[in-house]
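Just dropping this structure here.
Going in written order, the chains are labelled A, B, C, D, E and F, and every chain counts its residues from 1.
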Amino acid sequence: MKFIIAIIKPFKLDEVREALGAIGVAGMTVSEVKGFGRQKGQTEIYRGAEYSTNMLPKVKIEVAASDSLTPLIIETIQQVASTEAIGDGKIFVLDLSEAVRIRTGEAGDTAL
Amino acid sequence: MKFIIAIIKPFKLDEVREALGAIGVAGMTVSEVKGFGRQKGQTEIYRGAEYSTNMLPKVKIEVAASDSLTPLIIETIQQVASTEAIGDGKIFVLDLSEAVRIRTGEAGDTAL
Amino acid sequence: MKFIIAIIKPFKLDEVREALGAIGVAGMTVSEVKGFGRQKGQTEIYRGAEYSTNMLPKVKIEVAASDSLTPLIIETIQQVASTEAIGDGKIFVLDLSEAVRIRTGEAGDTAL
Amino acid sequence: MTGPMTQDMSDRRESTMNHRLAGIGKICGGIGALGASLFAATAAFAQDATAAATDAAVAAAETVTEAATAAAEVAAATVDKGDTAWMMTATLLVLLMIIPGLALFYGGLTRTKNMLSTMTQIGAVACFAMLIWVMYGYGMAFGPEGNAYVSWGKWFLSGVDASSQAATFTDGVEIPEYVFIAFQMTFAAITVALVLGSVVERMKFSAVMVFALVWLTIVYFPVAHMVWAGGGLFFEMGALDFAGGTVVHINAGVSALVAALILGNRIGYGKEVMAPHSLTMTGIGTGLLWVGWFGFNAGSALEANGSAGLAMINTFVATASAGLTWMVVERAMGHKGSALGFCSGIIAGLVAVTPAAGNSGPFGAIILGAVASVICFFFVTVIKPKLGYDDALDAFGIHGIGGIVGALGTAIVFAPGFGGPGDGSTGIGAQLGIQAAAVGTTIVWAAIGTVVAMYVAKALTGLRVSPEVEREGLDLGEHGERAYNY
Amino acid sequence: MTGPMTQDMSDRRESTMNHRLAGIGKICGGIGALGASLFAATAAFAQDATAAATDAAVAAAETVTEAATAAAEVAAATVDKGDTAWMMTATLLVLLMIIPGLALFYGGLTRTKNMLSTMTQIGAVACFAMLIWVMYGYGMAFGPEGNAYVSWGKWFLSGVDASSQAATFTDGVEIPEYVFIAFQMTFAAITVALVLGSVVERMKFSAVMVFALVWLTIVYFPVAHMVWAGGGLFFEMGALDFAGGTVVHINAGVSALVAALILGNRIGYGKEVMAPHSLTMTGIGTGLLWVGWFGFNAGSALEANGSAGLAMINTFVATASAGLTWMVVERAMGHKGSALGFCSGIIAGLVAVTPAAGNSGPFGAIILGAVASVICFFFVTVIKPKLGYDDALDAFGIHGIGGIVGALGTAIVFAPGFGGPGDGSTGIGAQLGIQAAAVGTTIVWAAIGTVVAMYVAKALTGLRVSPEVEREGLDLGEHGERAYNY
Amino acid sequence: MTGPMTQDMSDRRESTMNHRLAGIGKICGGIGALGASLFAATAAFAQDATAAATDAAVAAAETVTEAATAAAEVAAATVDKGDTAWMMTATLLVLLMIIPGLALFYGGLTRTKNMLSTMTQIGAVACFAMLIWVMYGYGMAFGPEGNAYVSWGKWFLSGVDASSQAATFTDGVEIPEYVFIAFQMTFAAITVALVLGSVVERMKFSAVMVFALVWLTIVYFPVAHMVWAGGGLFFEMGALDFAGGTVVHINAGVSALVAALILGNRIGYGKEVMAPHSLTMTGIGTGLLWVGWFGFNAGSALEANGSAGLAMINTFVATASAGLTWMVVERAMGHKGSALGFCSGIIAGLVAVTPAAGNSGPFGAIILGAVASVICFFFVTVIKPKLGYDDALDAFGIHGIGGIVGALGTAIVFAPGFGGPGDGSTGIGAQLGIQAAAVGTTIVWAAIGTVVAMYVAKALTGLRVSPEVEREGLDLGEHGERAYNY
């Protein structure tokens, strides 16, 4: 099993979620994060105090998936989330050694 | 060492934290996330605009633990966080290759 | 490749970010979390109802990095984020099996 | 100077005032002359009072009646636009207290998931109270006919138009009746909203509406009549209640306690963290409540005069004193002085000074505020936790307890020896007895009425939301919305 | 009782009132006597009206003019400080409606990323309107010379000083002209701010400012003149509009619709979640709007009298009724009663009661509020989604639709048969015709003017922000700030 | 028209006015007649002034004194309920400025972790000021006995009751003394709260309280006496200060600067991001400050008359002008027009128009607001960063600088050539000299007094929180709470 972490632009969330649903991803977990990278942030000024933190709002999607579905998931996210503009984000894939569904105690692929 | 990620229902947080403390887990990191899965969300309507996002508030717990303690942690979370209702959440276990305590620079199991 | 997760004190974020930038880390993802550990939290009282949750605000930094840069990153974070006071946080290192840049579809080290 | 009345009641007022004086005379073991001097003291507030009226007051109580009545009939009552301007301002200040004031004060103290529910319940019962008021509430409280407990007539405001006038405390000075009706309407609206402080986060919206209907009808309107209407029970007793400490705060506080007991505690009460979701909102609410309370207190003079000025300054200093005192007591108890403590003290002070607003000197008010603050502090932080009931936002702990302290304390600060505007004709002990009787009656009446209202609501609606809705929050479960979508 | 005017216009007022009476006389097929009785009815509101004036009114319309004019010249007009106090209070209540009231009401409904943009646009156009008003707006609406559509003179308030006075509806009763100017200024300021409700989250700040300048000049000032100035078109027609339902709400609502159509929908409209970012803020805004609206409605009496009192009580009960009705309709449609529904109902009720405030009895107002709430509900939840245009915050759906319901409904609730203060001399049907004519004219005028104003803004500024800025939010893109940095 | 005074002082007032006129006479090199014509101009505001008084004013200054004094003694001073209504409204408007107004304005600008601390410090010093005011502050500022720097008597409001009256600027017109005391009380309360703007996020709560006690006693009460009391130094000099630009804004601003210098910068100042945690709250605060400021400015007329109306319209347009100007300057400097800039401009405009409120025509006020906005902009964005001190919320940059611009500018806009209400008897240059003298004296007095107050606070409390508490935030460290628990 794999644990896929995708950092995307916030307004792409709905599209990505739908696309993943369409290829059979039953669940995912989403959180709001701040991203730091090549994309430059807006400069904010408050009464002369200038802040250009380059910290941009991003959305992080975490999906645990079977090994077999993983490539398709990666491809789907990559295609749907891309705007071809800098700052589109990243997909990270980690090995997942175990997964448990809390409600039932089921483990492994069936828990996803 | 293992890195355990548990997605649970928010109101279960206190119970889970206490149960983990009782079995010797000294630390953990918690964040608020939105979950997407089998559990259906409430429909929200604002002046006729209907949103049923199925994104439900969940809490994510991250615990780094020694290999030996991991099974007990999984069991504890699974049992305490379960309400036997849909949406109780998941436990994911990843391999942790290194852990460092920032204050002291200690590494490995003693850093947890 | 490695996926490095660092939990640090919030006011150390700017320093850490700059230090990482200096050693060549081009990107990272940051989120606000609550930490539970040895450090004791403030007691809050609201009209006699006392809460000492020991949940303290922390910042989580996630950095995907090449294997070669990883030791330096760990060292840098450890040194910069340390105040030598309890609660300074942890660094966790996981194996990263794949990384993809969404904009271009590039994979592996070049995607970071 | 206990309450306003309408023009139609001015005749009855003269005779009831007479009865009242007589009643007080009996209680004090005194006679007519004593009563008359009390009347004279009352008249002293009215700077426009004619010398004739004052002279008449010095005579025996029997003669007063006729003379005053005659005088009232002779002099055409006039409406001063300054009074009208002030009373309109005062009326909308009380609305400011309800929404956004109380909605924010209470809403900030609840958890995020119940913010909208709290605000909407407050807004909706206030609206409901306004509609009921113009239908039959005004008639039940200030109708042309009535007894000591309730009045009747003027249903649906029949006979009232833009030229109708209502009497003030000064003979010959009146205000447009619509303004008086609107002013009193806001009192009904805020009082029922105050009760909700104990039952938020778990009571159904529909149950709240049914409760409001029944409670206003069997508790509020009668108690308002007793306190403020000429011929009302407490009015006759000579109870001092400048701006409604009894009818608003004790009434709401006691009802809140009883309602919370019937409803039961919130799931997780005492175990889970139930910290206020936004003390910022509570802080805004506190500020708006204070500002609005001047409508309440200084507005209760019904005129823009020195008595209103006295009520105003007292509403400043008693509140300031109570706010700081709460923080000082927190420190004295080994805690930090807290923002919520400051806000709680502010409200406790406002509650306590309500009956005393025009019935105290500024330094009496300062002490009254401080005492109320100390007592409320101990009640909500020491006693309440021991009792274990879940008065979610301390509606009883602050409005009930603070209201009782204020009502009893008014007997003391009213006395000239304590810098009060009283003439000393009624001894402090005697006045304390009158106040205690009014307080006791209100407590019993409110408690019984609330039991009835809650059980009617239970029968019709089930009273309490399901545990799932309670967990998820009433905002989503009852209203289908979230307060914040950041 | 349709609108205020300045001292300089008092002569013209007498003759226009005469014309108006004559006009109505023709419409009704009646003659002078009929018109005179309407005048008498109007005069009945003025409690200080002398018997002489009343007598004169009973005479034929021709004689009325001369007599009244003469009387006005003889009696030295006096300023009552109670009126002045109330009008100053009313003026700042309208400011309270704008900021923070409307800024929060609208701001809470937008997404987080546009909160500051929404608030700042509202604040800035309001400020701009104030400056324009004292330069030439007052002259265009209430200047000493003029025709049915616009007036002129008093540019830059020339000739006005602290001792200048403006007439009220009662002969011989005046208020300081600066107060009248300030009061009317706030109406201009809030009206242009209301329009923005449909165009937020995508219109450039600079475009908003240009639009405001043109729109105020070619739409607001003329319509204000038509409605409120003696000699104005609607004023002459005898249209009933107590506090500006036409000039403020229909005007703003229709303009908002047209502006939204020209501007186009927000990116993602109908697809992405665009839930209000903080209904808490919208709730605060709703409360402040209600409180401030009393300045608007009861202030439009221009005096602190019984008519203001009537406007006040109606502004309570119509609003309460509309707020609850919206929730009831939601339930009837199978949804939950919502907090936003409650707030929407409150605003719909306030809008609807604006023209009727002093022109209705309380129960007429209650029904008017309920009807407006039902119609606005269906419009914004059923009809609007079908039409597909993006009136972001329902400025048209609530102010436009609610304003039309109010304007027409006023013809009905004014009638004595419905408990209104009218004397029945103009039949409901005839009055409905007058109201409809005023509404129709306003709609056409506002629509055309808005087209011009939007295209001027487009030519000068480009009108709409870039898609990138729209996505990222106007707060960062247009103002370089974030509303929240938690 | 510089300041109010109590009945007991009316005799002294006549003679001090005489002295003042004489003083001005000397400064201008003129004689009695010149002074008398100034008096006549002042009297022109008072619409109820009898012809006799006006005639007397035309006579030589010596004769004025006796005649006016005599007249004052003969005519029984009356209280108009319209004035009372307005002054009560004005009083609570100033409270609205403090909480929630200033608490939100300042609180929104601080970081999340210090929100409650900021709000509570403001609320608590305001409460403390109210209590001190009724104890000895009123006596020190407006006591029956006194010299040019301070007065004494009426400790604990002795001798004041509901029938006491205080003089206004018009002979024979008075208001209830309690209302005057309450009105002035709110000025003391807000002024000390304003100072805190520079020291938030690091000063101990206990230190703030000690500072408030000392500062009010040695700075505020004396300066208030100098400015507003008959016989006060600036009053005698003929300094123009309609609503307290000197005593409130320059005083608070300079004190804030000095306090910030003594306290030192916040940890991380200039390095860490210290963006406002909620500009939404700052926006609400801005709106409430503007609304409340009408109590401040128009209330300072002490009557509901044309002068108040002038102050009102100026408070609208100067503010509108300043708000927009700040945004324009931002654009001119290559930045985006910002929401915080708009809010900052609004406050700068309000500050600047405070001394000019009734002393300017509307267009003078517009220019004054614009100039103040430009100067404050450059000060806080260009000069302050270079100086390196940490006036956290720009209390000096806006209140100090804006106050100075306003005080000096009043000399100009007052002149009839600039559309002001002055009669031109004192040349602009001469008036500028008087204004500058008053400003300079205030600066020196405030600076010295603040040094004393801060060191007393340091000695007793340690002044500053520990670095740990400062890092973690004063909400948790000083009050044991969090502002938000979402």
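We adopt the following convention: a residue touches a chain if its C-beta (ideal position, glycine included) is under 8 Å from a C-beta of that chain, and two chains touch if they have at least 3 such contacts.
These figures come from a predicted structure and were not determined experimentally.
Counted as hops between touching chains, the shortest connection from chain A to chain F is 1. The chains that touch chain C as well as chain D are B, F. Averaged Cα coordinates give chain A a centre that lies 18 Å from the centre of chain B. Between the CA-based centres of chain B and chain F the separation comes to 55 Å, rounded to the whole angstrom. Multi-chain contact residues of chain A, defined as those touching 2 or more other chains: 31, 44-46, 94-95. Looking at chain D, residues 80-83, 85-86, 89, 273, 275-276, 278, 284, 335-336, 338, 340, 480-482, 484 sit in touch with two or more other chains. Because contacts link the chains in a way that matches no line, ring, star or complete pattern, their graph is best described as other. All chain pairs that touch, listed by label, are A-B, A-C, A-E, A-F, B-C, B-D, B-E, C-D, C-F, D-E, D-F, E-F. By the touch rule above, chain E contacts chain B in their complex via residues 273-276, 335-336, 338, 340-341, 344, 380-382, 384-385, 394.
Chain C meets chain D in the complex at residues 44-49, 51, 53. Interface of chain A with chain C (complex): residues 2, 5-8, 31-38, 55, 58, 60, 74, 77-78, 81-95. Taken in their complex, chain A has these residues touching chain B: 3, 17, 26-31, 62, 64, 94-103, 105, 111-112. Listing the residues of chain F that touch chain D in their complex gives 79-86, 88-89, 91-92, 95-96, 98-101, 103-104, 107, 115-117, 119-120, 123-124, 126-128, 130-131, 134, 156-157, 161-164, 176-179, 181-182, 185-186, 205, 278, 281, 284, 475, 478-486.
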